[in-house]
Amino acid sequence: MSVKVTVWNECRHEQEDEEVKRVYPETIGGCLMDGLAPYGFDLTLRTLDDDEQGLPRSLLDETHVLIWWGHRYHGELADERIDYIQQRVLQGMGLVVLHSGHHAKIFKRLMGTSCNLAWREADQGERERLWVIQPSHPIAEGIPPYIELPQSEMYGEPFDIPEPDELVFTSWYQGGEVLRSGCCFKRGRGRIFYFGPGHETFPIYRDANILRVIANGINYVNQAHGDGWSLDNWGRPEPAEPGAPRQTRFKRPRKPGGVKPE
Amino acid sequence: MSVKVTVWNECRHEQEDEEVKRVYPETIGGCLMDGLAPYGFDLTLRTLDDDEQGLPRSLLDETHVLIWWGHRYHGELADERIDYIQQRVLQGMGLVVLHSGHHAKIFKRLMGTSCNLAWREADQGERERLWVIQPSHPIAEGIPPYIELPQSEMYGEPFDIPEPDELVFTSWYQGGEVLRSGCCFKRGRGRIFYFGPGHETFPIYRDANILRVIANGINYVNQAHGDGWSLDNWGRPEPAEPGAPRQTRFKRPRKPGGVKPE
Amino acid sequence: MSVKVTVWNECRHEQEDEEVKRVYPETIGGCLMDGLAPYGFDLTLRTLDDDEQGLPRSLLDETHVLIWWGHRYHGELADERIDYIQQRVLQGMGLVVLHSGHHAKIFKRLMGTSCNLAWREADQGERERLWVIQPSHPIAEGIPPYIELPQSEMYGEPFDIPEPDELVFTSWYQGGEVLRSGCCFKRGRGRIFYFGPGHETFPIYRDANILRVIANGINYVNQAHGDGWSLDNWGRPEPAEPGAPRQTRFKRPRKPGGVKPE
Amino acid sequence: MSVKVTVWNECRHEQEDEEVKRVYPETIGGCLMDGLAPYGFDLTLRTLDDDEQGLPRSLLDETHVLIWWGHRYHGELADERIDYIQQRVLQGMGLVVLHSGHHAKIFKRLMGTSCNLAWREADQGERERLWVIQPSHPIAEGIPPYIELPQSEMYGEPFDIPEPDELVFTSWYQGGEVLRSGCCFKRGRGRIFYFGPGHETFPIYRDANILRVIANGINYVNQAHGDGWSLDNWGRPEPAEPGAPRQTRFKRPRKPGGVKPE
């Protein structure tokens, strides 16, 4: 079965900025759709200006992996919508957060930190070189020891994230900075991959290696299976050990479903 | 200088439940104040029913380490208050979350997960045995290979938290379950210690080893120093490397302070 | 292509101890061969008393995943053989270490620690319950929230291993102890899975869930791909940045191959 | 009580290479002794050509923290000596491994990996900039957001080490590479800090920030306390739970001390 991937793109730069229109006439989301098509995913494109900000529950419920590209309008997304997306990730939906998505509400929500970093944006960009830290990691399949991008926006350390569960890439910048630019996190049943490069004025999402990393990332964060416990609140009135003390306190009314059968 | 510790206690069980009154006539917070006094901390006690829910900004600003005991009324704390506490932790305030604080808004906020676990509450409790996983960890100073509690509430796996940065204790329960019951996390400049035991109807906070663990935990999460970068958003218009491209994009108005001098 | 799995079994208990003969008349290795056959692996069985202790280089060179069950005769394996196995793991061969293999030279070599733990062996064993800590982990596919073993040998904390890269199972024992009993580690390009249960006098390797965990573990530690850098010593006389200083120091003769072309 | 620090320096470059003599006329070890003196440690200097290669058991037994600088002659150290040093680290002796010590037997032993990395050595060196990844880490006390070294040897990724327990510094190099250059590991009761910069032909150990990092590192890896279990093999014939099955298998003679009293 194909992995169902929803590519969510803010898609306002592409309307507001002439320069972005020139670089991505098909929009960033459109470019990702084209670039990921050969990998056999079942792809859906949505933007901030679509119905329900492109993120209706019905779509999220069927999405295996959500790709996130946002920048200027993170604040427009209602907290309730973010609540639901977070819940879906904790249930196992994979999440790939690209570039300026470091400040997306959903990423900050899942990290618990500010996700601040250092940054510098030059007209012609600067050179970025992404070094593979773990060459045998599934996300590094098909990738050479480093990826060189002639034009990129600098995103530098310290990056205020929890220590990643896995560090796959670290970036070097021409201007003298470094970044943990490919980071995996597990939250609940879900996996998250943050991938740094992708400024809107540089054609980074046309780079074959970058696309390969994103495709690998999709496969990596796609939940392996849905077996086992759901990570819900788990009242266990009967102990696993026969004869051990049983639940006796039900003095206060509890919500139905609070105690689940095994 | 003494570590400034604010002990925050919901302190409603102690008014509502006869049984809790009998076990903790001085309240759980009061018991912690007494038990931690010999360690030389500068201790302040606050409860949910105090002014500003016991957590005014002026107090948080001066607090080095915040101890959290809450249970039934997590929902009463306004999100804005939690925002501020989170900000203080990211700035370096230490946080010790006790027992049912696993479902406190501030803990879930910092973890990014549901923090659900399995649980069972028996009238007379059940035996819990906390095994030290890292005997040389600062939090295990003065602690024997395990701590045995004759009466405890079962809190079991799977515990929906990010993989802890350090796992110090794992608990065994009479009823057949286990829990990662002593977990350290780093978020921003702050450190967090979650410690599992401490149900309101058992005199666990009178146990000398438990108090020692909490005292050690306070010292451990107390920020080592305030030097270095603040982890704010860090615009760096000038590259570290002379001659590399400089910041050129200031087309949109930015908030003052968005670009910081180094 | 099938995963090439070499099941290495010390296979001396099965000759020396009547009790083990009764429980595993086909030997532990034979039982694993039978139990893993349905999973479609390309399985090879070897024992300590085979040629070259069952671990000739030619076999190791073709092995994708090595399963290790040893106990009393760890010391018979020459250090040079262990050197080669370690090298293969660092090159990407997966390793699944079972039960008393915690004290195998190869495991201690890869961990860098004593791998000591607590233990107790009772004639009829004691109950062990393995709790799944990460239900969505690939190794937990098809596994219920816990696996209960009526008869097991106690292996307890503190287990002197580096903090695992991933903790998948934690065990509860009837006698009051706990163990991090399912642990993943990455070393070089290789992955390692340690799995605790499997004492020679109890029919644990006939349990369908235990076999499923081992099969999942094989798939998990099997290297995803062989792309990217080999993790050899990497002389880089030419900098990635044109114009930056080049290698100038070749004053001392170096081994051929010390500087690799990219 | 002062921390007892043994500075171990191979100290052959200082005799063999004119250039190193010019840069470190007092030897690298001597320079570290001078630079660390103001921090109040109880310092001892030893070299490879001292009695027992500078590492007699009597000295190791009294050493709280061992500093390691070696390069060309790693192979001269006998494996038995490394065995003992490893044992001391697992018992709690701190270890600070500097620069080319990445290939020291003791470091590779504790890591379990090849510890290979990329490297390039230019006559005049190249610029290195060490970025602080965790500004509030004890090792970063007193350190600015980055340390700039005008002349350094490039050590680059991929660095074949286990994922560090804590990543404190990441280095940028003029030639286009990056390195996780300040890494903490826990092994047994011991802590290890690897710190990258320090080539023998550049006066890096005269840099005040570099010395501060090493001094902070010493304090960080110095074992917090000696309480709790020793991490020896722990036979537990009596279960923690009264009434649970006791040890019954003592059929084969065991070494005295194999079963320890609690």
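We just call them A, B, C and D in the order they show up, numbering each chain from 1.
Please note the rule applied: a contact is a pair of C-beta atoms (placed from the backbone, for glycine too) under 8 Å apart; a residue touches a chain by one contact, two chains touch by 3 or more.
As the structure is a computational prediction, the values presented were derived from the model and not from experiment.
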Most distant chain from chain C by Cα centroid: B
Selected pair, greater C-beta contact count between B-D and C-D: C-D
Geometric centre distance via CA averages, chain D-chain A, whole Å: 36
Cα-centroid distance, chain C relative to chain D, in whole angstrom: 27
Approximate Å spacing (C-alpha centroids) for the pair chain B, chain D: 32
Touching two or more other chains - residue numbers and ranges from chain C: 129, 132, 134-135, 145, 156, 158, 163, 165-166, 172-173, 176-177, 186, 229, 231, 240-241
Of chain D, residues touching chain B in the complex: 92, 127, 129, 132, 134-138, 140-146, 148, 165-166, 172, 186, 189-190, 223-231, 240-241, 262
Residue numbers on chain C that touch chain D, as the complex places them: 86, 90, 109-114, 116-126, 154, 156, 158, 160, 162-163, 165, 173-177, 185-188, 229, 231-237, 239-241, 244-249
Touching residues on chain A, where the partner in the complex is chain D: 129, 131-135, 145, 156-159, 163, 166-167, 170-173, 176-178, 180
